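In this document, chain identifiers A, B, C and D correspond to the written order of the chains, with residue numbering beginning at 1 in each.
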Amino acid sequence: MTVGLGVDWAIEWLQLSARKMSEHRVELIELDRAIGDSDHGENMDRGFKAVLEKIAEAAPDTPGAALKLAAMALMSKVGGAAGPLYGTAYLRASTALGLLEDVDAAALAAALEAARDGIVARGKAEPGDKTMVDAWTPAVEAANEAVALGADAVAVLAAAAEAAEVGAVTTDPLIARKGRASYLGERSAGHRDPGAVSTALLLRAAATAAGFPDGEQA
Amino acid sequence: MKKLINDPRAVVDESLEGFGLAHADILEVHANPAFVVRKGAPVAGKVALVSGGGSGHEPLHAGFVGHGMLDAAVPGAVFTSPTPDQIIPATEAVDSGAGVVHIVKNYTGDVLNFETAAELSQAEGISVRTVLVDDDVAVQDSLYTAGRRGVGGTVLVEKIAGAAAVRGDTLDAVTGVAESVVRNVRTMGVALSGCTVPHAGVPSFELAEDEIEIGIGIHGEPGRHRIPMEDADGITARLLEPVVEDLGIGKGERALLFVNGMGGTPLSELYIVYRRAAQLLGEKGITVERSLVGNYVTSLEMQGCSISVLRLDDELVELWDAPVHTAALRWGM
Amino acid sequence: MKKLINDPRAVVDESLEGFGLAHADILEVHANPAFVVRKGAPVAGKVALVSGGGSGHEPLHAGFVGHGMLDAAVPGAVFTSPTPDQIIPATEAVDSGAGVVHIVKNYTGDVLNFETAAELSQAEGISVRTVLVDDDVAVQDSLYTAGRRGVGGTVLVEKIAGAAAVRGDTLDAVTGVAESVVRNVRTMGVALSGCTVPHAGVPSFELAEDEIEIGIGIHGEPGRHRIPMEDADGITARLLEPVVEDLGIGKGERALLFVNGMGGTPLSELYIVYRRAAQLLGEKGITVERSLVGNYVTSLEMQGCSISVLRLDDELVELWDAPVHTAALRWGM
Amino acid sequence: MTVGLGVDWAIEWLQLSARKMSEHRVELIELDRAIGDSDHGENMDRGFKAVLEKIAEAAPDTPGAALKLAAMALMSKVGGAAGPLYGTAYLRASTALGLLEDVDAAALAAALEAARDGIVARGKAEPGDKTMVDAWTPAVEAANEAVALGADAVAVLAAAAEAAEVGAVTTDPLIARKGRASYLGERSAGHRDPGAVSTALLLRAAATAAGFPDGEQA
């Protein structure tokens, strides 16, 4: 018997992520159209389709291996800003998980933190810059808090997803200082950051894959 | 929005295929991953130039692959920077051992993807230098932002650095020439209409019959502000003044004046803009010694233009005039 | 329809002025009456080439003035043929005594105005020959009609006849070369949108989101028929098949394939069309030996393209490859 | 005392023509937009503005001289098909009038016929080809008939104008065989020929200048 989340969860997460990116493709394009260049949904959809293919080719045997596979696929198929940022995030998370076969709450929170730190290291965005960091940062904080309160892995993911969703909404009034939306200056206010929304969708998929009931699915 | 395309997801690949067929005498198109390499690469002893970025800006960058300009171009999806797994093999294909300069327009995506590619190529033993182009004065520069965008000036960087490489300059010298072009060129653009990314199917932004966007980039993103429509002379002044001011060019100096179409504006209108821009520079005592007018850095079928001014000296003139043979820019051979 | 213009009635003059400023190294623009003459005209001993027509087709014709192509171009008002009082001084300015070839697109207005100009120039002692270009297969040819229009193929006539003149051919020989290009080139076009003449202010025709016009000319006039939108490969076949059939070109023959943009279509889409056209010619056993892809004979900002096929032989290839230095077409020098 | 129309009539005719071309500029552009290239009104307006300038520069002293002046201005400023055709028409009419100071009914009809013949000689159009010839031909016929019936010069012009107006209307159902509209083939049917309409306007101006009451003016 395992106490944490195994490779099946990781694979399920990535597959569900692919489904979500496809379902929300148009929404993410629309968000990006308002303050960017209309491609975020297309990029993420293309990237996660590639992740599915990679998984079908060579089934990974640990959660870390699954995330590494995803990282490589995202880096080589997404392009734009999101590709390297998500690629780095998944790669750092994979490294944090190492060869673990079962991921417990603490390991999960550490992996999320590593992912967020990777994004910040590459993109140099701070919270409040109106980027995916505004979804990742509250997610990491919520995950760490949940661990401190003794939550299990599923609850950690649920807390992270919830916080990321709230974080995405909080980008609405912000004036972008990083990424393509920053060119709009004050005109970027009043729009939600597409990368923050995709982050929330991906973390929600992680919780759902772990068995946490998903409002959108129900 | 009607387009002469088949599958929206096949636009880049099919267009590249046609491009390769039309210009097989000077270049080769590789598929999966997609990149374009000049014939005869690597050129022994020559520093190589690689550029790339999202598609939708044609002829940039593939149209500038050939003698005297780029050794390779790496096209991403429409308005999406290419990925390291495209940039790396392009870099490897053109390195003669003399090193490779990556010419990168300053966008987060381009910077990050080229960064990864450069790191991995270096690890394979290729000397890579990166030159960031950020000529767009519409964007306020600041340490806390993504900085200025690379737009029209990129063509000038590619042409002039390409000539330096042909001249036999070292990797550091070619990099230095490219950087001096970046330091001496500024650009600002206007849109009269948005453009429609094939996979999105709706215009990037909508403008009323009496509105224009000032300070646009080249990805169909909205500009800095929207103003009522003006005549060509008024718009020209609005674009040119901040360019001249930011560049700090003045009386007695020499310039290359580049009026670039965004794709959907008739050439005749670009010349009307050129006329006024040349007059205004003349009034300031700046001598326009070289010119370029046409659709070189486009945003699909967007209507509008950008104006770039490059401060010239004898060396830059000589490098600009040097022979070039690419699909979109050719002279002297 | 927003345009980068000042006064709609000043469009042609201001655009020409800008054109003259940008290309002062190779040509001169005359005002009142308006015409464009290459630097150094008349060229001693050389037969001169003059073409002209309504404006709005830029870079045609002024963009093809220079070494190896036209000696003068005569632009009329937008979509209106020029008048004898422009054509005559242009003809006089370029005649070296070796005679002048008028290259005229077959439209009633162009034919009549060039006819008068030729007559009056002949009366002044200049030998003038007229070559009518009528390459548009969309129009049924008949003795009882105005006949076929001259469209995209005009560029090929101007380039190749221009090279023959540089080679030293006599007036009759240059005329003969031009006529042989006319005999061997056919064109057909499609519009995805209309275009707006500045003084009219409304589009020449309106197309629904799912309609295209097949068999258009280059003056914003509607085409032969309107069909539902198709993909690029389907449209390409619709344009190419009648061209190939009318030209009677087949297995084992050699061709130049010219995909011409109408002004508002991105270059990337033209290459998608080129790709399919080249494939189709290949399937028929026709070898595409030369190509031209770009906006050369436009209808303001119209979206669409035309496909031209020119049957090649060794002589035409040699003349096509000969050096040319104009604002819009340049190689070999 | 003169019995016919003198140079004042000719000048008045040309001035009124210029006014009419300016007033009907948009209408002629619209007609040309449907089956041509949207320039006929612009061309005629530009041409007759040039005629006005010529007249202002050097006042002609006979009707023939006035028409010759107009012919030269039209040839050098109209361009397109209409420029050479109208230029030729006015030139031939001028030649027909010779040095006459007073133009009587017969001379007028002969001048109109010379004008029409000039257009046919240059443009090779036959009646029914949907061109300005379809206005000129009935006008010439009506003028000749009026002369045969003993009409005076004013009545000849009125008859010609009336016939040209009817002629223009009869172009509606025709399929064009000459000029730019011929490229449309059957799609040209159902539209009025712009050149036929401008011809009717010009001949109406001739009658009005001669003192015949003009419905449009009243």
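By definition in this document, a contact is a pair of C-beta atoms (placed from the backbone, for glycine too) under 8 Å apart; a residue touches a chain by one contact, two chains touch by 3 or more.
The structure displayed is predicted, hence computed values, not measured ones.
Asker: For chain A and chain B, what's the span in angstrom between their mean Cα positions?
Answerer: 33
Asker: What's the distance between the Cα centroids of chain A and chain D, rounded to whole Å?
Answerer: 76
Asker: Compute the distance, rounded to whole Å, between the mean C-alpha positions of chain B and chain C.
Answerer: 29
Asker: Tell me, which residues of chain A touch at least two other chains?
Answerer: In chain A, no residue touches at least two other chains, as defined above.
Asker: In chain B, what residues contact two or more other chains?
Answerer: Counting only residues that touch two or more other chains, chain B contributes none.
Asker: Which category does the touching pattern between chains fall into here: line, ring, star, complete, or other?
Answerer: Per interface graph, the chains form a line.
Asker: Which chains touch, pair by pair?
Answerer: Final set of chain pairs in contact is A-B, B-C, C-D.
Asker: Help me check something: in the complex, which residues belonging to chain B touch chain C?
Answerer: 1-7, 11-12, 14-19, 21-23, 55-56, 58-59, 63, 192-193, 207, 209-210, 212, 229, 231-233, 235, 263-276, 278, 288, 291, 293, 295, 298, 300-301, 303-305, 325, 330-333
Asker: Mind pulling up the chain C residues that touch chain D in the complex?
Answerer: Of all residues in chain C, those touching chain D are 33, 54, 76-85, 107-109, 112-113, 115-116, 138-140, 144-146, 149, 197, 199-200, 202, 204-205, 217, 219-222, 224-225.
Asker: Could you pull out which chain D residues touch chain C in their complex?
Answerer: 29, 33, 35-39, 42-43, 46, 75-85, 122-123, 177-180, 182-185, 187
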